[in-house]
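Each of the next two complexes has chain A plus one other chain: chain B in the first, chain C in the second.
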Partner chain A sequence: MIFGRRLKNSINLFSVVSVIAGMLIIVPMLNILVELFSPASDTWRHIQTHLLRGYIVNTLLLIGFVAVFSASIGLFTAYVVTRFDFKGRRLLSWLLILPLAVPSYIAAYTYADMLSYTGTFSRALRAIGLRHGINIMTLPGAVFIFVMTLYPYVYMMVKSALEKQSASFTENARLLGASKFRSFFTIVLPLLRPALVAGTLLVVLETLNDYGVVAYFNVRVFSFAIFDAWERLGDISAAIRLSAVLMVIVFAIIFLERFLRGKRRYTLHVKNRPILRKPLVGLNRYLLPGSLWLIMLFAFFIPLFQLFYYARLTYRHVLDISFIYLVINSLTLAITATFLTILIALMIANFNRGRQSAFKRGLLKVTNLGYAIPGAVIAIAVIVFFIDIDHALYPLYRLFNPDTGRLVLTTSLAMLTFAFVLRFMAIGYNSIEAAYDKVGEKFTEAAYSLNHSKVSTLIRVDLPLIKSGLISAAIIVFIDIIKELPLTLILRPTNYDTLASRVFRYAREEMLQESAVPSLFLIAISTLLIYILTHQKKKGVRIHVRKS
Partner chain B sequence: MYVKVENLDFKYTSDEEVLYDITFTMNEGEVVAILGSSGSGKSTLLRLLSGLEIPNQGSIVIDEKTLCSAEHFVECERRSVGMVFQDYALFPHMTVAKNIAFGLKGITKEAKSNRVDEMLKLVNMEEKKHVYPHELSGGQQQRIALARALAPSPSILLLDEPFSNLDADLKLKIRQELRLIMKTTQMTAIFVTHDYDDAAEIADRIVYLENGHIVHEEVPKKH
Partner chain C sequence: MKKMILGLSVFTMMLVLAACQLGTGDGGKSITVYSERHYDTDQLLFDMFEDETGIEVRVIDGNADQLINRLDSEGPDTQADVLIIADAGRLHRAKAMDLLQAVHSDVLNENIPANYRDADAMWFGLTKRARVLVYHPDRVDPSDLSTYEALTGPAWEGRVVTRTSTNIYNQSLMASFIEIMGEEAAKDFAAGLVDSFARTPSGNDRDQAKYVVEGGADVAIMNTYYIGRMLNSSDPFEQEVAETVGVFFPNQETTGTHVNVSAAGVTKHASNVEGAIKFIEFLSSETAQGLFSSANYEYPVNERVEMDALLKEWGAFVAQDINLSVLGEHSYRAAIIMDEVGWE
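Moving on, here comes the complex of A and B:
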């Protein structure tokens, strides 16, 4: 009786959209699991016997090194800008985020070209009678590219945690006789663990998601293998099995982290007394800021200068009417997918407010699944799902057009848009949820008590209050979508290009100089949005809520 | 005199809180309350005694050791001063036992474990040895913070508003417990508060602080 009443009460726009969205995310993933039970193909047996071990070893080596170096650089940069005062600190504290605007594959093409025999760097060295033996198109080279373009995830998370860390803990440690060194390693660092792990996990997931770098450098990791099985060997069943193994690795990493964390917590309610920044003295005045500028140089300025140089050589024949279409394609696709992602994430966030239940928690886990699963896996799952839908809807298609082909949705942009929404839902959702957390539920409850419906409350009360969180969410999702490569490559309709896929095509055809203009466009859009993102936070509605 | 503070002056760079010419002495085992309103400089005084801030001038001598003078400054980690923070600041990632053992150095593992048990017994919290701070109530957290500060046998114990985070009922109970612990351990202690009843209950002497000046001293009448 009570259950029935509760169920009836909880059926509304938000819950219905949330449940449908959850199902649309979970069904393609289940498809992959079901496919695992079909008989194995010869290709899979070949992969299993000769290649699988190499894929696993390479993947683990790649993510292991990328994780260690990104965590170290992210921690170092965040610590220096939050704990010390020096000239240029404010500028550096947001510049250090900018490498995120450079897609890994663009950095890879640029460095590979610069360091090639005819590249700028090699030529400059030869001019003064020197040579270098650097071969960047290797696994260590890929590690370098990923670390340089992805460390900002760790930097941002750790910086935010350091800014919130209360001085009480370190002061207490020192009063109990701990040296600065001991208090850093026993108190500051362990308390940063959640931020450090979350940032590093994002870096690892992005590395597993990449296809552009590993394909160009020929580093045989999982995403490379999945594309290879799908495109070259034409065996979707083998691609699905590889995807399943990769998913096992991803979930093993996530569970291992949870297991190691155990019962421990890293926060406790203490009065937030910020730690005062110390001025740098002695040699450190030059060494620490110098090292930050050096990281910026390798992660941002060198690729950027090189791209500008190439763009100057090629812009005349790259910038034509087809380029304008390319920009329009990229923008309309990214705007549409961002809008849908944010809209659905908003519905789910609304559904998840209020009384918690096992169902809601389950739905939340499903919603967050997309970001953990590499693009190549999602692409395969979505394509199988859409082929099934097209088969089911074929009779309907024929009613409207007797000459229709069997695959309608599968050959349209709907499939790519769907995949974007699925993959980036977690990012949109988490930003919106964080905004809702800050506001609390009091205003919403007040509106309900004044006889406003759920939708009216959302539009008139909630949206204005979480506006800045919503904008942040949209910006982050937009940047991710416009840079995205693996999903776009597999799922775009024939002859449909975006800036990202055009850059990839130029690189594959060894036309790196031509790739400069679209690359710069991508970097410029992302840089502008990152600037807005980092500078809009200070504004926004001020809310005072008495904590009960 | 066990504690001798002379002509202590202090100013934050932002000029928001200042202490002028603070001079007072304490006997060994004495408990002194610094009573003052918010912004009077009482927490700053504790930070100067503990070595977390450097005074502009003046000297601090505890147990015949000069901690601070015109030509001498002992860093906070070498002062052997115990402090219980207003928000307790228990390390959230360590169990109760590890929190208490944190300040114990240069002794064997067994001696450490014995000292932890001794401290837990003192604050009557033996059964919470292996739990994490977030699993404790406010009053329990405060007792562990006290045990942690006492464990290394500091030469003096400083308590910053020890009852400000507690409910009224709990406050009365903890206040009595604290007094008992002070007397059992014969610890020389300074605690700051804005509440006269707290000061009168626990302290042997009350020092009044107003706008950075010591304005009055008295021996409280016990209830």
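Moving on, here comes the complex of A and C:
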């Protein structure tokens, strides 16, 4: 009886959606995870003896350096922009997000080209009789590319946390005689921890998932290894084993963070007194803004100028009417998938608030899976899953159209959209969870105690409170989807091109100049979106709680 | 809550209905092509085929292995009628996975020489590419060049560049060596070549040519058509690079230059076999073959076709005398050997 009542209490929109979403994510994965239990093949032993060590060392080096540098740059930029006042601050505060609009693979191709013999940079140096010995197609080069294109994840999260941080803490610390440095390291930084960690984690996951950069630079990390085992060695079960090792690494990182965080909570119920930005004095007036512009230069303007130069050379024979369709396809696909991802992530985040049962914790880990598995492996899983669904639904299809083929959903956009949701759920979820962490449960509990239903509380209390977190989650997911490659390429319906697939088509044929035009379109859309979302009118958050 | 559920179910229904519209069959008026080739010229050819026959060509382009895998997962329900792939080894893999069907076409047999089509008529070569030596004329006298194997001596230490071992063209090159000289000798060759490398392999084919002109290396192993396309690049500086370097066809006195093909086959479960055959026949026709050669600088397989001026300038050459199916048979061992000798 008691169990029955508890079950009834726990059945609501959030739990139902969460469980269904969890199932939908885990079932396709099961199809491939079975491979783990097949006996080790000769290929796997070959990988173990000759390659695995290198993969592990390179992967750890890559994510280690990328994490440290992007966390530092993200923290530094966010701190300068929120705590100091200087000319161009407002402009920089949104410009610094823009490098996110440049897909890593485009940055990699562009930089490699500029530094190659025929590249702009090398030619400029040669003109004055100099040579450079920079070879960017190396592990440090890959670190540079990832840091420059991914640090905005850290920047965005830390900045929004800093803006919410109340001035009273640091002021009290300073009044009590703590030095600037001490108050920064003992007060500001620990309070930023969830945002800093969440941002850096996203950077690390994106890095682990990238294939374009590491393949071009021949940096042998796990994503590279998985494709290599699958394609060159033709052994899919070895590829899946490698993904499993990668998953173990990812979960180890996540667990380590959770473990170090322990039982600490980061919700603060303090009257929020905004921090007054200090004007910069002395050398810092030039040094700090200058360094921000320098970061912008390397992460955004240099690749952009190069792309414009190439676009000028090639737009005449590349740009045609089909670009309208490319833009429409990219937009509709990204909008639909982003909306669904955020909606489901929101349901799961709501389901997960409050006391955590083992079941909930398990579900959470499952929904994070999509991000730990490389795109190409997800693609196989999703195809197999959709073919099964189509077979099951075939009798239903025949009711509508007796001549219909068997593969209906598999040949539609539904498959690609589903794969995107599966893949980017973790980003959506983690950003929303971070936003909830900041708000705490005080208001939600108050609303429940005032007899508001869960849905009405969500819409009238929680949503307005986490609006900015939700928006940044949506930006990140949208930009990720619009530039995503392996899934788009393999799961799209016939004759369906997007901007990203067009970029890839040229880049893979080594026609970098031709890929400039679609690349610029891609960057323009993301830039526009970032501009709009960072320039919304700031409305005060008002919460109406009806008295009853 | 109830509203939400209602909304969700209406949404699902709409999705299913929309999807059913998409799945409508069209009775032989279209073919679906899974293609690894996606040059702008190919799209042009597809459009020409549509105009000529009224058969619509639907394309999914992507990487060879992903297309093969998708075809395999879709099984008998696949919509694909034709598979086009830019490497004989991978086509062999598709054949071995039982994804292709034999085709009997006099047109194809006449247009395509026997060593460029599968012995069981499962796939047909469309274009040839030769993997040649590209050198800097200031630092290399072409009379010092002879064979691929000759690049392994101490005289060449630190002077050779090529792409990574993951690159399919290098994998197939190694596979052809296994066929011609046996595994032991092929492994010695690979180990020697690694000792001659000027740098850890990275980048694409064009990057290798640039590195030679830059002075980082003296000889690059790369495909002919990249030189052709660099000569016609939209970037004037790339044209300069291609004009600087010399092209040498190795092993002319011995086993012949390594040649690979891009090729097409009809899928096992094709729903429009007739259209698919017509399509491949069209691609082997003189019109299509001429375009492959003039716009993409690939060697046509159809011997009646006039070659592009640039290809003519390079002259006729002796190609390896092997049936290209063997590239697929040895590709796995080739990969293993390359790992063992530390070719990155």
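Criterion: the second predicted complex is superposed on the first by the 360 of 548 C-alpha atoms of A that agree within 3 Å, B and C clash if a C-alpha of one lies under 4 Å from a C-alpha of the other, contacts with A are read in each partner's own complex, and residues count from 1 in each chain.
By our rule, a residue touches a chain if its C-beta (ideal position, glycine included) is under 8 Å from a C-beta of that chain, and two chains touch if they have at least 3 such contacts.
As the structure is a computational prediction, the values presented were derived from the model and not from experiment.
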Could you let me know whether more residues of chain A are touched by chain B or by chain C? C
Just checking: does A:484 make contact with chain B only, chain C only, both, or neither of them? Give me first, second, both or neither. neither
Per the contact definition in the header, classify A:409: touching chain B only (first), chain C only (second), both, or neither. second
Name the contact category of A:178: first (chain B only), second (chain C only), both, or neither. first
In chain A, both chain B and chain C touch residues none
The answer for chain A against chain C in the complex is residues 12-13, 46, 50-51, 112, 116-118, 122-123, 135, 137-138, 215-218, 220, 224, 228, 230-234, 236, 310, 313-314, 317, 376, 379-380, 383-384, 387, 390, 393, 396-397, 400-401, 403-412, 414, 453, 455, 486, 489-490, 492-495, 501, 505, 509-511, 513-514
Touching chain A in the complex, chain B uses residues 50-52, 75-83, 85-93, 102-103, 105, 132-134, 148-149, 152
Per the touch rule, the chain A residues reaching chain B in their complex are 166, 168-169, 171-179, 186-187, 190-191, 193, 263-271
For chain C, which residues count as touching chain A in their complex? 1, 4, 15-20, 22-25, 32, 38-39, 58-67, 69-70, 73-75, 77-79, 93, 164-166, 168, 171, 199-207, 210-211, 213-214, 226, 229, 233-235, 237-238, 240-241, 331-332, 335-336, 339-340, 344
